[in-house]
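Chain IDs A, B, C and D follow the sequence of writing; residue 1 opens each chain.
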Amino acid sequence: MSELTTTAMPIDTTVARYRRVRDATEALAAPLSAEDQTVQSMPDASPAKWHRAHTSWFFETFLLEPGMRGYQVFHPSYGFLFNSYYEQVGSRYPRPQRGVIGRPGIAEVASYRHHVDAAMVELMDSCPSPDTLALVELGLQHEQQHQELLLMDIKHALSCNPMLPAYSPDDPGRAPGRLRSVPALAWMEFDGGITEIGHDGNAFSFDNELPRHAASLAPFGLASRPVTCGEWIEFVDDGGYRRPELWLSDGWALARAEAWAAPLYWLAADGRWEVFTLAGARPVDPAEPVCHVSYYEADAYARWAGARLPTEAEWETAAHTGTDRGALSTDTTIRAPVERSDGTGGSEAVIAAMHPRPVGTRAPLMGDVWQWTQSAYSAYPGYRPAPGAVGEYNGKFMVNQYVLRGGSCLTPTGHARPTYRNFFPASARWPVTGVRLAADR
Amino acid sequence: MSELTTTAMPIDTTVARYRRVRDATEALAAPLSAEDQTVQSMPDASPAKWHRAHTSWFFETFLLEPGMRGYQVFHPSYGFLFNSYYEQVGSRYPRPQRGVIGRPGIAEVASYRHHVDAAMVELMDSCPSPDTLALVELGLQHEQQHQELLLMDIKHALSCNPMLPAYSPDDPGRAPGRLRSVPALAWMEFDGGITEIGHDGNAFSFDNELPRHAASLAPFGLASRPVTCGEWIEFVDDGGYRRPELWLSDGWALARAEAWAAPLYWLAADGRWEVFTLAGARPVDPAEPVCHVSYYEADAYARWAGARLPTEAEWETAAHTGTDRGALSTDTTIRAPVERSDGTGGSEAVIAAMHPRPVGTRAPLMGDVWQWTQSAYSAYPGYRPAPGAVGEYNGKFMVNQYVLRGGSCLTPTGHARPTYRNFFPASARWPVTGVRLAADR
Amino acid sequence: MSELTTTAMPIDTTVARYRRVRDATEALAAPLSAEDQTVQSMPDASPAKWHRAHTSWFFETFLLEPGMRGYQVFHPSYGFLFNSYYEQVGSRYPRPQRGVIGRPGIAEVASYRHHVDAAMVELMDSCPSPDTLALVELGLQHEQQHQELLLMDIKHALSCNPMLPAYSPDDPGRAPGRLRSVPALAWMEFDGGITEIGHDGNAFSFDNELPRHAASLAPFGLASRPVTCGEWIEFVDDGGYRRPELWLSDGWALARAEAWAAPLYWLAADGRWEVFTLAGARPVDPAEPVCHVSYYEADAYARWAGARLPTEAEWETAAHTGTDRGALSTDTTIRAPVERSDGTGGSEAVIAAMHPRPVGTRAPLMGDVWQWTQSAYSAYPGYRPAPGAVGEYNGKFMVNQYVLRGGSCLTPTGHARPTYRNFFPASARWPVTGVRLAADR
Amino acid sequence: MSELTTTAMPIDTTVARYRRVRDATEALAAPLSAEDQTVQSMPDASPAKWHRAHTSWFFETFLLEPGMRGYQVFHPSYGFLFNSYYEQVGSRYPRPQRGVIGRPGIAEVASYRHHVDAAMVELMDSCPSPDTLALVELGLQHEQQHQELLLMDIKHALSCNPMLPAYSPDDPGRAPGRLRSVPALAWMEFDGGITEIGHDGNAFSFDNELPRHAASLAPFGLASRPVTCGEWIEFVDDGGYRRPELWLSDGWALARAEAWAAPLYWLAADGRWEVFTLAGARPVDPAEPVCHVSYYEADAYARWAGARLPTEAEWETAAHTGTDRGALSTDTTIRAPVERSDGTGGSEAVIAAMHPRPVGTRAPLMGDVWQWTQSAYSAYPGYRPAPGAVGEYNGKFMVNQYVLRGGSCLTPTGHARPTYRNFFPASARWPVTGVRLAADR
């Protein structure tokens, strides 16, 4: 089992990769104080120190405890405190109360990580079986998912603070004069027919990407870029949040109940829009992809625009194909904000990339914002979860959620891929969720 | 525009059909007192008199007001009181409060129905346009949906009464000695490939059944009959409601919170199971299809049984095909409990059919219990809702729900068809929801 | 045991009194349809048919079952359905679900009442003991309390109906030209010192009025009449509902959460105020006592007016004394809207009196609106609840409620008295609750 | 304005007292990490760092901003963040979200405290007016209240942690062999008559203790000591938490809903009871006063014991009198765990006293546990809140709460006094609340 982008990255040893991923987590947490790492701003989010501990617990529980002779768990209560949702490994602390836990503090969590890391290195040095190596890779992929969650969650927490503090004050990517013209929205055209989607199994993937299978598509078009903030302002100004005929019923009810008038984190300021980011509040950039919109808003926007959301089969087909019937050049290079080849994973670099960049600056489908698809998150034909508790990783969430594709500016380098299936409830706004339009042909 | 099963039913005039459908509603309400018709036992349900009024409001709002010169609405407040969810025709009374409304009483509702009926007959006698006739048919199909809802809802309300009163005391279908042996579960086998699903548009269908389109299927098997109560008892006895590894995460949380231990309406009685029905409480019949189970329970059962739920494309393919690779004889005759050819729609006959019959007595896919599919309710490729407020009929609910197929013992005759897409949230237990297993091949 | 106002009412036999009180309940329910009698508009309220059944259950449970040889309960489930809150006589149906019960219907409830009445007459004819007669009287006083509750509750239910239907269309007391000038607010002055409050035990009282005991009062003044609607409009116009400094903290939070801007049942209509009454909506009469205000509103008004609410000891002292240090002439005659000497208790007469009358037309302390005191509802020194389940009548509610004094236009004749302690939570607005000011001297 | 116990404490300058009280707060927070100080375990509680900041905000807002020329507020957002409930000084951050605020961290809060302290010393050195000195004293008394709240709140937060961490591991007062015999419960007897309660105004008191006024008492007895844990175990073993006839209706409903079976913080462990304390979990000491019981539990216990809760007039009369009709010697010396004469306020000493001591070791009415009275918290006759925002300190909470008397082991030395009125809702269990019985005579 190896990484997906084997050709793009020098093959390093598992240990080196382990250290890089683990270090990247610590680099992301480094700007956060002990107090910052303790808070939980809503039940869906978790404290930063919880993410740091839980990712360690994953290695301890699924690799060290069953697989390393004589391993001593770091603390007998951590199995209860840092189990996220694995029913088969025992009971667990209630998720909505994670912010009530002052101890362990960040120093003890760091010790926990070191304890686990030392044992993991020993394990990896001892000629582990392919199954063990596959689990190590799963643990690292898991940790990368939590790197993005850590940032999403702390962004939400900081946004609840009336002082609107920055995760980091630096915003080097936002230099003056950087505003470029936005490329006109073009449509990539696809003929339809039988396609194949899903991962081919020749490298790492999550189980929910398997198996590769046939799908039937009608002819469709897919937008060449995500919807921008400038376009979203047009939707707002046209009454997008006040016209029920544009909305799904559940979405309209929620939008009314919570008085939505713009994407999450947008702030009305003297007749113009500002947005809260990890670097603090700043004016909305019309050239950026809009993000922090729910499925409901994405769907309403698409209806307003005379379009619709793509299915995941359409999206993946476009991402795999890389071309439409003529024009599209697909550059699937994925940028690397978090994990870098020099292994430093420094937070300065991290910060620089932690907001969507103006559209037109990257690969057309991947990378700036997760893109809602109209596809409910469900099992692919022939899907089989792994046996045992690890099988709870993905399968048991295949209900009441929608698939998102493409990765975001917060996704670690090399983590996402065209077959990658992210998923959230239709109401979720705190991930970096945006919109790419599709249309029937 | 005509009914689907044109060959099974003499073509009658629109007016005669209108009267039959409207009369059937009144026949269903007839056993219910004024008090019974007033109660609402939960926000998802509605009072019986509300169903009677709302179905009349539909004709008034979408046919008489726009299409009949000089029509006088029966009461200026009814548009507010009896609008269910159509945002584009104005504001409406809050759904969870429908049981707080004592007036209009059942006599005024009957007058309302007569007022609307008289105008509708006049309208239908005046050479209406095809579009008008299509709307009449939509109104009648709508009313048939509410006939089933009326029964579902009153069953729930009666079940909340500690006296467990019967909708009707008669249960002629449940005569002594009727218990037959249950046919062994067989599997209908399908090869997979490209299939077509969706309505062909040559007769009435709801917009959500359109358009007919290609779907790609892997080889699969489909059970020859629904899961029985006897089989469900095995699941219960094997800890089905106590083993989280069988459940979707959302389902497990809900089952714990509400202490589910059996299907809705099952009552533990001295070591055996009873069930509340429209004829009161009686012992569970092991030969009957299980019903009143949520999607979560259906999915957990399937996992326990080493199978899965079918997709709607699989289900419909099997229903259309009518045969597996050899053995299946499909009898697609649909029984007619509610609307009868003699036009009486008498409640005695209605009652007789108001519970699932022992399996093996009907067409293999249609009729006894709605069958959960694993397919989220979403738009077919190329789906277009109707313009205007009628377009709110189906489309705006295409999120957070799952498709059910097949009709139930409470569905009026001729209403369901193989392409029919019913839908409920995964948590719903009060419809007549059952399980047909599928499996990968 | 006899009634309090023995001199004002001819002594009749217990049976005749029993019949009069029971008939009065039926007269109050008579204008209500089966549907009206079924609805429950909020958890604090009960359906009218429930009140009719529960008051019968009281006689059945506390008199007939324990005291009448061979008595057969009318229905084995009614003990569960119609027990309000008596823990010691068994479990009971949950209060918030009373509106879900369609059966028994109003006809069965009438039969239940007849069944109980026949047995009760037999019991009363059989030389009952003084203890039994005391329980009969308690049952009748209990039924009179429910007469007022029935009217309060149906008023709330009708107010939830957008058609604002009247309990009865007749409003003879509201004839044109009836608007009189409101007497100026005068202050009755009291010297303070040691007083005695509480019932003297020489006639019927509830246990919570006992025992009579000493209280120490500082000098105080008490308003000669309740606050009027005209005065309340001044409060509203002066920002009374927008100024937190006038409000108790809990009250302000609730007023904000529920967007209070006027008393319950007041409706803003084109720049003036209307009010929903049992006779439907009509303009607010500035000369009437304001009613349907919570403790919080009463307290805020008093603060705004530079006054305060009276204590119950102050109120009762004034009511007992009947005079201030000079001027007040107290007319303690209590009008008789519900139970009348001719025994008819006709609903026409009932309706006529079912709204507050213009101030200045009655005894100064009693009768139009219940008056909030600042006294929390608690036990008098030496209070002893009755032994057994009847002891749950009052004592267990002595927490989190406030005492009201004086009776209201909905209180049956002869039911209230100066020592009578009504009680509701500070948030309650659906009783006929008004304000009489007090002040330190 | 000076302290109450002027004779017991050397008169020091205001500045010295200011420093001592402020230092005591910091000493209490010192054992808590940044993470500990950030968490909020329920809406009623606040993070420790919030208490530290809010008490500073009080001085800034009510003394420095209005009274010190040129004072610069430390941070423009702190007025919003650290206003607890003063409506008249502006809007504020929602209380239930205090645990979501990572910033300011504990270092910034310390800087805030220093900033305020420096300015306060300057203000106190500048010949302040008596009114200003009175406000300083109010601010110090306010801070002492928050010292107790800080400990109550962190105890609750720590109790939510499955590791049951100690605030401090030291528990020197709990040395082996310390268990003494409990003195038998004696009754102090009082004749009744007219008494006076309330503060005399000759030293500091809160406004709610004023004015002193007459009260009338019937003869009563008051227990010589609080109810012990050993006695409470008898209540538990006798079904005290399972017998509705012992409970107020609201209390029974809450006890059922939350499954109460013992005081808060009691843990069933192998057939015996343990209790969570600030020093961690340890066996329940039968000789200690029971604490962490709600008003409902206190009332139920009293009913079970054939007694009742005292009124606050009874309690205060006994505390003032210091003697019953013969035997009682009242030692009103109040121990000094928090603020000590050497000004160190060291946390070791603090910890030593932070749990109730075995009964019989102190003054009979004051000091170990707050004692529920049956008196609702309301205004004394003639009560006048202070003008302006400071008037919101007490008065606006005079509804839906009950008075507690006596101080607790967490109350700072010299803070409580016999006229002191603490108050909490009847449901509160997280304060150090216990029971002293009373009885009619």
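Before moving on, here are some points about what is shown:
In this text, a residue touches a chain if its C-beta (ideal position, glycine included) is under 8 Å from a C-beta of that chain, and two chains touch if they have at least 3 such contacts.
Note that the structure is a prediction, hence the values are computed from the model and not measured.
Rounded to a whole number, the gap between the C-alpha centres of chain B and chain D is 60 angstrom. In this assembly, the C-alpha centroid of chain B lies 47 Å from the C-alpha centroid of chain C.
Those residues of chain B in touch with two or more other chains do not exist in this structure. Taken chain by chain, the contacts form a single closed ring in which each chain touches exactly two others. Pairs of chains meeting the touch criterion are A-B, A-D, B-C, C-D. Chain B makes touch with chain A in their complex at residues 85, 87-88, 194, 213-218, 244-245, 247-252, 295-296, 299, 308, 374-376, 378-379, 381-382, 392, 396-400, 426, 440. Contact residues on chain D toward chain A in their complex (touch as defined above): 32-41, 49, 75, 77, 80-81, 93, 97, 99-103, 105-106, 157-158, 160-163, 165.
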